[in-house]
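The structures come next, written out as structure tokens.
Two complexes follow with subunit A in common, the first pairing it with subunit B and the second with subunit C.
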Partner chain A sequence: MTAFIARRLAWGVLLLLLVATLTFFLSRVVPADPAAFLAGQNTSAATVARIRAEYGLDRPLPVQFATYLGGLVRLDFGESLRTHRPVADDLVQFLPASLELLIVSFMIYVIASFWLAVAAARRPGGAVDTAIRLLTMLATGIPVFWLGMALQFVFFYRLHWLPLAGRFPLRDTPPPVHTGFLLADSLIAGSLDDVWKSLRCLAMPALTIVLNLLAVGTRLSRAALIAEFDRPYVRTARGKGLGPRAILYRHVLRNALSPVLTVTTMQFGYMLSWVILVEVIFGWPGIGLYAYQSFEVFDYAPVIALAIVSTAGFVLINLIMDLIYPLIDPRVRGLAT
Partner chain B sequence: MRAPRAWRVAVLLTGTLLLPAGRAAADPSTFVYADAGEPSTIDPAKANVNFELTITRNVYDRLVDFDPSDPAHLLPALALLWTQDGDAWTFKLRQGVKFHDGQAFTSTDVKATLDRLLRIGQGQSYLVDDIASVTVIDPATIRITTRAPNVFLAGNLSRIEMSSADDINRHAQDADKGDAWFGEHANGTGPYSFVSWTRGSQIELRRNAGWWGAFPKGAFDRVIDRFVNDGATRARGLEGGEFDLANFVPRDDALRLGHSSGFHVIEGNNLWAWPAIYLNMHLAPTNNADFRDALVRAFDYGAMSQYFQTGNVIPRGPVPSWFPGSPEQQEPPITTDLAAAKDALAKSGEGGASMKCVIPSGFPEFSFAATVLQSSAARLGIKVSIEEAPFVQAITAIKQDHSNCFVLGNANLSPTDATKFFAAHYLKDGFYNSGRYDDPALDALVHRIPTIADQKERDGMLKAAFETVVQSHYIIWAARPTTVVPEPDRIAGYRIDPAEYINARFWEIHAAQ
Partner chain C sequence: MSGTASSVTAHTTRLSSTGWPGRVLLIVAWIIAAALAVFALMPHLVAPYDPIFLDVVDRLRAPGLSHPFGTDEGGRDILSRVIYGTRYSLGVAVAIVIVAALIGILYGAAAGMSSRRTDDLLMRIVDLFFGIPALVLALALAAAIGRGLDTVVLSLAVVWWPGYARLVRGEVLRLRERPHVEAARALGVGTWSLLFRHILPFVVQPVNVRITTDIGYALIAVTALSFLGLGAESPTPEWGLLIRDSRPYFGSAWWYLVFPGVMVMVTATVCSIIGDGLAGSEASSRGA
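Let's turn to the complex of A and B:
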């Protein structure tokens, strides 16, 4: 098992290096001068040249790349031209907001897609199954930006039920920062009121993400469950007089878990991409919004850092899943050694 | 199955979450301004973008102010009196003014601020870049000497914010000479003091009770400058009561909102052209003056007026009629004239030519103007292809001769001095002179204008510069709409500032009585 993990980690490091190299050179191919942005309007050519030199943008590409790689080893992602701060500091600032949104969305997604899949799989082709399939397909077909705006229109503008945007009601003072996770910080501060306010702000962005992912997850989980329900061992269980609940939870679910887990892992990847759009729509101060603002002004360092961090997230999630598979399915235990 | 119970829990939880919390505007002492983005810096020596100036303009004071309804009328601010004697200007400073940290404001602060600004060479420094030296006469008097006499210096100083010499000196030994400190801290003498910056979300300001100026009744004690990148979200938040005012509300939304119940429209001039289409003087076929003339004459200006619905005029040249000393009213209108355009095209010998326009993305008006150019040119048999790219990429494309045109909005950030606008857009090495218009005679003329004491003579020179640019056919001034800001009826005091793209003077804004 140790060798397996070491092998996986080595591949992960190689992948990260590849991503860093690709994004570094791709970002330099774009015909734009970030120093001109940084200098601002009406600045003399000499000032732009001075800034270009200050940030090392005038040096040969291989030198810039070597400097960048050297920094990466020390977890130094360079400095953002836009925020004038080390990118690592910005990531520490913005990552918790995104992780909080992702974790809450992911939990809702896992529970909802499981519920819906079970409800649909119990009577394939029935009214509940058809309704679930229709609704989830509809939700997936709607573009994420439109869905976000539609939710804002209904729940903020028409009904005044939920706040428009942001992580915390804008006239209120958020709890002191300990972890950067507002829910956790609210709990640390002992304020259930702040927990509630945070949850209300989370509701629309999380719902936008979940609704867009639900169809694929529900349909694939449903298919896996139906396939298991058709297996002979289920007929045997029924013949022995086992109830539907016992069959589902004791037998079917365990056997269907591997493909469901695979789908869930993939969906987590999709969530990372949705998060940029959702954070822009809902003014959610996470790495998605940070990435969007950096893209706009060709702020290279954050863009590359975010590509690396996202890839690292993927690698980590996949590694965890690889370790979980053998625990839930004895058939793959031999493969993971 | 336990599902029904689980469903009940879920429904109960969701229902409770959705319980109405009441309208957001519950705190009458707080004003929430939805700004179009997050500042990159709040250093007054570097602030450049509109949403950076929102902060610096309200936290720092300037030596001189001006009346937004008559920008030629300069008003006292940190300076009470000023006089020009050749290339020297003397400013008598207001006494008893304090920075937010309690330090007294003196002429030493003015000198330190201007020296630092000129050393850095960014932000609004281009407005005062002809300053040769700054001399402290006494704590309440400062002399500023320019390289040549400059009648516009006082007006241009109405854009320069004064920092504390103490802050500057305290950070002079830092490796970056205090750039990082000034980037995220602010200590001015202005009507609002800086409280906090929650990265990615908002900046909070507090009313400076010790400010030398006067606040109107109902002025807000606390201002939250909220960063909202998406224009539609700003409009929705304003409409739904989450925000008290918003920057850059898309025009359609602004007009609709401004005329709806609970809102009124604030309309005014600050744009010189929106959009202006710059033609590349170094890349065929737009390097041909007759070809450019054909495009200018073929352009469908009526389509732009229809697009803006209301409040639009077709510019006759670079300087709007409402700007002090503008010759525009004496100039002939620029109109669509297809026959003249065909004659000009025939003269150019470029019939059937094709050209490419890389334009900045994210501005519907710019895209529309490019499409109008495309269809207008098609009537002459000219093919125009359009590409949209982020701003930096688009301006780089024309500067590197990968594009025949570029689209930009024009505004002048000096209340009285048009020469700085000419320098940026039409003179050699001007940052926005994207099509690299190069006329040494125009350069010399524009540089001489500030040195002329006689206003009539200056106005005549400005007229000559105006006509030179028009006759070069370098620019298609597609439209000049008014700026429309929807203000909720519960708010009052907002004014369009003619020397800003758009501005929020928080100290003038107050709750409606």
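Let's turn to the complex of A and C:
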């Protein structure tokens, strides 16, 4: 088990190293003048020279790479030219918004996809199954940003039900910050009104993410469930007279949990990267929007930081899943040691 | 992400096995694909207007007889713009998938033909690439080498090739043990011609299936990057860029948002239907 975890940890470190190398290569080696690149557009020659000295860009590349990695290890991502603050501080400020959106969406997604997959797998080829299959197939072709805008059109421009963008109504004061999660902060402040306001803002971005994930996730979970239903042990269970519900809940679901979990992990990793789109459309002040707005004004340190942070998030999720697998599936325990 | 998924998707029922509705759907998909090919290769024959001609008098007109898909904020005909856009959006998606497939085939074949140790190492590297956040890498790349459709191709090809490497390596490992390959080897055929004459020809079909399906996904990724402003620049009629440009106006001009989006969705769905059909015929030719 320890050896297994060590191997997975090594994989995570290597992946982070690969992304760090790529970003270093992209920011220091590819541009003709990295100092000008870091300084951004419309800066004087004096500023560029100052930055060159400050960042040690006049030193040899291997030395620079070592310093760069050293900085990353200490979570030093440099300074944002747009906010004039260390990027790490900015990330800490914007991360809770992203996490809140991702966590809420994922909880809804997991429940909904589980429910749909079970409904479909109960009678493969039946009306429910066919409908779900057709819908998910059509839905995989919908770009997530288009879906977000379509929801805005319907729920804001036409029906006036939900706010267009943002995390909290602009004219209202949000609850005092304790956790950074608006829903939690509203609860701590004891204001149900604030909870309601946050939920209304959260509704459309979360729905966009959930629908997008459901398209792919349901298809794969359904396939995993149906594959389990074909196994001999299901025939045995039927043979000894177990009802469909008992077979589903007591036997099939337990066995189908690992592949479904794999799909969910993949989905989460995928979303870590693509949540930028949702944040941009809904003006959701998370790390994706932060990096994007910096990118727009040629401030690149936040972009590189986001690459590292989302990779780290991906590694972390995978590690957690690796630890969960043996708990839910005794067969893996043997393999892992 | 598709690599781990393939073992699970193997069990999804194919459309082609659903009888005549599946077959009709497949025929419709091929007809749309042919139309898209014409749009991409000869847009001037189909489009009623010049896609970048400004006509401010006619700005933001609702769909009507003279402009079936309406006009944008510059009075440009949206129908013509989405027709011309096929070349950029679909063209770039095809380029990405082909570049990724070529890299993946070479890499996967090398891994499959080498010793166990080297193969292990090569596949570990592939595993690493699966973890790279695609969109953020594209942002970083666009920051370093500038925005443009070539940046989009490069950054998406970097995250797309590992899927092909895995697929091809698996096929090569399987084919290596086939009697005809063993016979050729026994006759003294070298590794290279063994690979190119006796193994790779059999890899073409599964790779084809994968390419067809992937074009749809690549298309969505391309339009997403253009939507963020990393790809094409105005007034190029790229579909993702059209959707980006529609943001200030779509609240009152739904057609500006709807039609470019419909083009993306129809094209992506057509790719997955055709890919599904090809997979079905491949499975039956294998006797599976």
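Throughout what follows, the second predicted complex is superposed on the first by the 292 of 337 C-alpha atoms of A that agree within 3 Å, B and C clash if a C-alpha of one lies under 4 Å from a C-alpha of the other, contacts with A are read in each partner's own complex, and residues count from 1 in each chain.
Here, a contact is a pair of C-beta atoms (placed from the backbone, for glycine too) under 8 Å apart; a residue touches a chain by one contact, two chains touch by 3 or more.
Because the structure is a prediction, the values reported are computed rather than measured.
Asker: Output check: A:133 vs subunit B and subunit C. Expected answer is one of first, second, both, neither. What do you get?
Answerer: After superposing on A, A:133 lies in contact with subunit C but is clear of subunit B.
Asker: Give one of first, second, both or neither to describe whether A:167 is in contact with subunit B, with subunit C, with both, or with none.
Answerer: After superposing on A, A:167 lies in contact with subunit B but is clear of subunit C.
Asker: In the overlaid three-chain picture, which partner chain does A:292 touch, first (subunit B) or second (subunit C), both, or neither?
Answerer: After superposition on chain A, A:292 lies in contact with both partners, subunit B and subunit C.
Asker: With the two complexes superposed on chain A, say which partner A:47 touches: subunit B (first), subunit C (second), both, or neither.
Answerer: A:47 sits against subunit B, while subunit C stays out of touch.
Asker: Is A:245 touching anything from subunit B or subunit C once the two structures are fitted on A? First, second, both or neither.
Answerer: After superposing on A, A:245 lies in contact with subunit B but is clear of subunit C.
Asker: Report for A:37: first if it touches subunit B alone, second if subunit C alone, otherwise both or neither.
Answerer: Both partners.
Asker: Based on the superposed arrangement, let me know which partner A:262 touches: subunit B (first), subunit C (second), both, or neither?
Answerer: In the superposed model, A:262 contacts subunit C only, not subunit B.
Asker: Which partner does A:149 contact after superposing on A: first (subunit B), second (subunit C), both, neither?
Answerer: So A:149 meets both subunit B and subunit C here.
Asker: So, A:199: does it touch subunit B (first), subunit C (second), both, or neither?
Answerer: The answer is first: A:199 touches subunit B but not subunit C.
Asker: Which residues form the common part of the subunit A surface touched by subunit B and by subunit C?
Answerer: On subunit A, the residues that contact subunit B in one structure and subunit C in the other are 30-31, 37, 149, 152-153, 156-157, 280, 292, 295-296, 298.
Asker: Contact residues on subunit C for subunit A in the complex?
Answerer: Residues 1, 4-5, 8-13, 18, 124, 127-129, 131-137, 139-145, 216, 220, 223-224, 227-229, 240, 243, 246-247, 250-252, 254, 257, 261, 264-269, 272-273 of subunit C touch subunit A in their complex.
Asker: Could you pull out which subunit B residues touch subunit A in their complex?
Answerer: 1, 3, 6, 17-27, 30, 32, 37-38, 40-41, 46, 48-49, 121-123, 126, 179-180, 183, 198-202, 224, 226-230, 232-233, 236-237, 239-240, 242, 390-393, 395-397, 400, 402, 420, 423-424, 429-432
Asker: Which of the residues in subunit A come into contact with subunit B in the complex?
Answerer: 30-34, 36-47, 50, 82-84, 90, 93-94, 97, 115, 118-119, 149, 152-153, 155-157, 159-167, 169-171, 174, 199-200, 203, 244-245, 280-281, 283, 285-286, 289-290, 292-293, 295-298
Asker: What does subunit A use to touch subunit C in their complex?
Answerer: Subunit A reaches subunit C through residues 11, 14-15, 18-19, 22-23, 26-27, 30-31, 37, 124-125, 130, 133, 137-138, 140-146, 149-150, 152-153, 156-157, 219-220, 222-224, 226-227, 259, 262-263, 266-267, 269-270, 272-274, 276-277, 280, 291-292, 295-296, 298, 300, 303-304, 306-307, 310-311, 314-315, 318.
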